[in-house]
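Next up: the structures, one after another.
In the two assemblies presented below, chain A is common to both, partnered first by chain B and then by chain C.
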Partner chain A sequence: MSKNNELVDDLVAKLKRRQLVGSSTVSQATLKLLIVVISKSNWTTCNQLVTIVKTVGQRLVQANPTELAVGNIVRRVLHVIREEFHEAESTISHKNQASTSEFHAAPLTTSSSMYNLLGETGSTPDKNLQFPSSLRSNIIQEIREIKDELENIYDNIKNQASLQIHSNEIIMTIGRSKTVEEFLKMAAVKRKFQVLVAESAPSYSGQEMALELSKAGIETTVIPDSAVFAVMSRVNKVILGTHAVLANGGLVAISGTHMMAAAAKHHSIPVVVCTGLYKLSPLYPYDEDTFNVQFNPDSVLGFEEGDLIDKVTVTNPYYDYVSPEFVNLFITNQGGHPPSYLYRLIVENYDPNDHSFDL
Partner chain B sequence: MAENFDVVATYKTLLLTSPELSMPVAAIQSLVELIKHSKATTMSEFMLSIKDASQQLKSSVRNSISLSAGCDLFLRFVTRNSQDVADFESWKRTLIVRGQSFVEKADACRYKIADLGVPFIKDGSVILIHAHSRVVSLLLQKAAENHKRFKVFVTESSQTQGGIQSAKVLRAAGIPTTIILDAAVGYVIDKVDMVLVGAEGVVENGGLINQIGSYQMAIVAKATNKPFYAVAESYKFVRLFPLNQYDLPTYNADTLSFQELNVDYDENAPNADGSLGTVTGKTRSLASDSPLTATSQAALHMKVSEDRASQGSNPLVDYTPPNYITLLFTDLGVLTPSGVSDELIKLYL
Partner chain C sequence: MPPKERVESSEQVLQAVILADSFDERFQPITLETARCLLPLCNVPLISYTFEFLAVAGVQEIFVFCCSHSDKVKAFVKQYGKSSNMKIHTIVSQECMSVGDAMRELDAKQLIDTDFILVTGDVVSNMKLDKVLEEHRARRQADKSAIMTMVLKKASPQHRSRAVGDGSLFVLDQSSKECLHYQPVKAFKSTRQDRRMTMGMEIFDKHPEVQIRNDLIDCQVDICSVEVPALFTENFDYQDIRADFVHGILTSDLLGKTIHFHEVSDVYAARVRSTQMYDAISKDIISRWTFPMVPDSNLQPDDCYEFRRGLVYKERSVVLSRTCVVEEKVVIGANTQIAENSVLSNCVIGKNCIIGANVKIDNAYIWDNVTIKDNCVVQHSIIANGAVLEQEVTISKGCLISFNVIVGANTTVPAYSRLTTLAEDEDDDSDATLISDPAVVGATGRGRSFKEAEVSDSEDEEVDPKNKLVNRLAFDLSILELEHQALNDSASDFESEGSDSEVDTVNPAEELDREIAQTLERAFKEGHDIDIAALELNTLRMASNSNFHEMRKRIIPGVLRNIDLTAKVGSGNTVKEVLARWGPLIGKMIHDEADQVDGLFILQRACAGLHGDISQAQKLFAPALRYFYDVDITEEDSILGWYHSEKSRQGTETERKLRDVATPMIEFLEQSSEDDEDDEDDEDDEDE
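Our next item is the complex of A and B:
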């Protein structure tokens, strides 16, 4: 148990110090930690295990609330745990040949929540139920599948590239996203097209992106962020990466994304977002600044400009919130979805009881 | 048939005795009462009596939308469980128990919705609400309890005067509330951060049926890019697919029809052009440049509005299409309009 705590403390500290950043990195670290926690701790019932995982999850999320992927992975794991227990329970009770057959609701009961208003809800599981010892390994096995999914995410997304990008198209993007980078590189294997990259001041990650793309032989042009609207009329498609996707289909993405999406909407240019499902969060943007981070403003206005620094306030927000009406299509590792479909993916991947980690 | 049991009367007394009860819940409770009194001995007789009763209920009120949501949900529940009945009497008892527990749980639904909705209320915001909705009031009360500071504009909603009732409830909870005219929605919208409305019913495409005036609020909110949230318990989801206002079951030929003005203005103000009177007969449109004096025109307006009120030709509810709704707060969670369709399909497929 103490060994577990050490590992949790370690990850919490890394998240707090922002030594671990980026959705992909943090989600893999979270998953690795949870596998250890589940296999090393003592539990016998579903509630016990859920409580253990939730407690760890709560600490990780609090360590850096803007890394939404951490919470998503914890929720995915909780979902797996609940399902495995449910399955084990039903096989056991089948063996016992359900003694009290007072009411056999149709199998749909569990899926239709409206129906649950009238039907049985939260049937209290038998406390004395003995779960087979294979349960622990089954759960670990399922979690390893999530791990595989995380590892193969780029492959699954980039395989859809040639469907989205056609010959001689002009694509615009912003910032550096590993997902978009892989996506465009894959498309370049079959197609010839041009990419415009907004430089993404003040981090200039767009410039790095442009370098990577040109190395792969794609015709790439860097434009200043201020020129996005001016050249938008010539663009065929905007392809964006994102930091997180919220439950309503809104994005938390690098600052500048909202401006680009708005320009695209003005010109009726389709906006496509490439993202792994682990970035999909069941949370809502209660407030546009909820998930934003203010970065060091040094890169906006350096300290050398001492005279000016005294007189002005300089802020450097890292993210933008982009509302769902700006997005036309999400390309995930499970295929393409319109923003209005995302709630469905949330229902499939997360349990509604896990949206908040309060116990 | 359930002899001597008047389901409609039961329903009406239920609503009278407990004003906090919403229509669908009262409908289900009345149907449960019916089952208690039912002397049916066969399955088909039993099913027939329930269907019959819910039909009676639906036709007994002028606006049956939310009532029919309750009836349909209960009927669906009964039919789905009617397949594997071993012992008829014990099955009936179970139905009664389930029905009663539903009525108890219905209240909890509202609290759950309130909890889900509270985080959407920002500190220092101004909220526009429409008429009176118990669940909206509860949500705002909860938010106030959570020390959120916000102000509320509520439309008077002249038909039912529900806005005045809302204002009373909210002021009692210590929320600064101002009643505005229904026609002032556009005037205040620039000061407003979000619009919050309740629902009579939520339809299959995720659209909303609510007290008249909700649709125009939604249009104004959309035009000014303000979020428009609907708050509804899931037992208000109905199986309707209206394509426009006139698809609603509450619409009939009388609703806002043009047959009015069998005006006797010929006597009050003699017509300059006598031929016009004969052409249009007794009807004449208000828009035509009539020779009526200002005062008699006002009198005419008065008469028209009295007429309409007495005929009940003004619609009570309107339909808000899903593209105007930002999100719906329900006890099943916060849903997008397409999420509603999903829940309904799951129930009725």
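Our next item is the complex of A and C:
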């Protein structure tokens, strides 16, 4: 147990210090930690295990509340745990039913999300049911499946590339997203098209993106962020990466994305967002700043400019909130979905009891 | 990630030494009651920032040196160590009086076996040291004599994160990253030593190209090799790591050690060296220059700050009334309550504070459990834990209100006050009771104003009091200048319109005033020879790096002041006698024609300055002018030049009248040289 704590402390510290950033890295680290926590700690009932995982999850989420993927992964794991217990319980009660032939009120044990929607939630198994020892390994097995899913996420997304990108199209994107990069590279295998990348000041990650794309033989042009609107009329499709997708279908994405999406909407150009499902968060944005990170202003105004920094306030928000009406399509590892369908994915992947980690 | 205990100590464990004591008194009286490194900076103890900085650098073992309030530091470190995976040891040594002592102690205990990071307990930085460490190790491999790498941050000399008066000048070789010379820079260069930099010429033999730089913040983050503590032991008189150690190593021919530097830009690094720096760094943290070390990263485990627009950081449990205004750059700690109509801007408020209605807080740092009642105003000050401000209290800027002070109702605490509740004599621990000073804290208050202990011990170098002042919170250099102008004797009134009273020159000017006044007085009293007096004055001039104009400005009034207009002939104090005796001294300060004209201006001003009444002043001026002319201190041309210049017509009424006094003499002079000077008349006409 103490060793578990140590590992949790370690990950918490890394998240706090931002030594681990990026949805993909943090979610893998979280998953790895949770596997250890679940396999090493003592629990017998569903509630116990949920409490353990939630406590860890709460600490991780608090360490860096803007890395929404951490919370998402913890919720996925909790969902898996609840389902596994449910299944185990139903098999046991079936046996009981068979032996005592007494009616047991749980006919709808299929853990369909529709069932949860109808309101009877959290019928967590209580009593002193003896769960089979295979339960632990079943849960771990399920979590490993999530892990596999995380590892293969790019493959699943990029396989849809040729459906989205057609020959001689002009695609616009912003910032550097591994998902978009893989997606475009995959499309380039079959098709010939042109990509415009906004440089994404002040991080200039768009420039890196352009470099990577051009290395893959894609015809790439870097444009300044301010030129996005001007060239938008020539573009056929905007393909964006994102840091997180919120419950309403809104995006938390690199700053500049909102401007690009708005320009696209003005020109009625489709906006496609490539994202793994692990970025889908059941949280709702109450204001635009909730999930934002204000970075060091150094990249906007050098700290060396001593006389100036006294007199001005410099803010350097890293993310933009893009509301769902700007997005036409999400391409996830489970296929393409319109923003209005996201609620369904949330219900399927997360248990409503886990949206907040308060115990 | 293996737990740290498993790491074999034979492997390279990265060690760091934190000097938790600052060995100075800049935060007194607050630091009389707690350790400097535990002061909250944006509601997080200072040393936490240092721990965090080292943790990011991958340090596994830390030695914390502390001497004053060691029990408190120890308790904090123990608590901190629980939640951290670094091994933190506290070393208490009461007789530690300086960095040098700490290093000698370190050497004696043999705690360090590899290269280590040496920092002070007040560093705030978000830089990553891995590159520096790598560089240092590579250099050590190549050259064993490279014993230390200093990390320097680039920033312009006027940068707010640079401690005023704690500057340092580095002579560097960019190609070999070697530091060649070091010189501390004070704000007021009062002694000759402060004003000069002496550097060995042999530096240029080995380093054809050197940089002399004053744009580096020295945040005293050093990568030291094991030899460094040993060197401190060998040179037992080294105290300061920079002024003594670095300077000593670099100027020593025998040791043959070298010190290198690593220059960082685009990261943050600064030290809380003074209250002024405390202010600046707090602002930097709030403005997120230290990212990711910002309040909303919640460095302390139970913190839960949220970021709001306008750089406002608020704990979840804060209670804000509906009408209070939280302007920008504010940090508010847990469970703090703020009542109606209060206005907060640019401030940090600690945990569990209660702030009443209609309170205005600007630029202030309010620590935990402070109560501020209705209608108070707090400006640019630090208020420590547990203090209470009753109703309608005004705290002017630059105050330090120490722990548990109570300021009674309707009191105004003047600027730069330092209040404490400690009894007067803190040296002997006899329970001397506190005598509250109602003049300072009001009738119902509790506390007294704190007077800094005079540094009367055998400090070999005297510290200019002004250099102490500049470090203070909310210190404004312009105030210092104003104060000086008020203090300066009448001599400073003579400063011409181009009064170049820059910060740097104010002090030497005053120094010179005093020195010259003394020299003259001595000369008058003891009846020195003119030559001897002139020699003394010239020496002064050279020592202060001054010019003849400055000398004249002081000597002419000095001599004139000696004249007693009512004295009887023979007393030695009449105009004639004094001029006859000391006039040549003035002559010694006047050389070419420009000097002569200048001398006359000074004479004009001096006479007017000494006697506001024209009838008195002319009694002084006329004979003096006559004398100047007679003994050829000033020549005819210069007198005419003076008379016709615009400048002589300006000034006070007395000054202008004095010019008229000279008119008969001018007419005489002009007549005698009418033939060759025609154009004079034209100008005279314009004059009418």
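One rule holds in what follows: the second predicted complex is superposed on the first by the 329 of 359 C-alpha atoms of A that agree within 3 Å, B and C clash if a C-alpha of one lies under 4 Å from a C-alpha of the other, contacts with A are read in each partner's own complex, and residues count from 1 in each chain.
We take it that a residue touches a chain if its C-beta (ideal position, glycine included) is under 8 Å from a C-beta of that chain, and two chains touch if they have at least 3 such contacts.
Everything numeric in this text was worked out from a predicted model, so none of it was measured.
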Original post:
With the two structures laid over each other on chain A, which partner does A:352 touch: chain B (first), chain C (second), both, or neither?
Top reply: first
**OP:** Quick one: classify A:13 as touching chain B (first), chain C (second), both or neither.
**Re:** second
Original post:
Is A:302 in contact with chain B, with chain C, with both, or with neither (first, second, both, neither)?
Top reply: second
**OP:** Name the contact category of A:62: first (chain B only), second (chain C only), both, or neither.
**Re:** second
Subject >> On chain A, the residue positions that both chain B and chain C contact, one per complex >> reply: none
Original post:
Of all residues in chain C, which touch chain A in the complex?
Top reply: 1, 3, 52, 55-56, 83-85, 126, 154-162, 215, 265-268, 287-292, 294, 297-299, 304, 307-309, 311, 328-329
Original post:
Of all residues in chain B, which touch chain A in the complex?
Top reply: 73-74, 76-77, 80-81, 83-84, 86, 90, 94, 98-99, 102, 105-106, 109, 119-120, 122, 234-235, 237, 326-327, 332-339, 342-344, 346-347
**OP:** Write out the stretch or stretches of chain A touching chain B in their complex.
**Re:** 101-106, 108, 111-115, 117-119, 121, 247-249, 284, 286-287, 340-341, 343-344, 347, 352, 355
Subject >> Touching residues on chain A, where the partner in the complex is chain C >> reply: 3, 6-7, 9-10, 13, 16-19, 62-64, 289, 294-299, 302-307, 309-310, 313-316
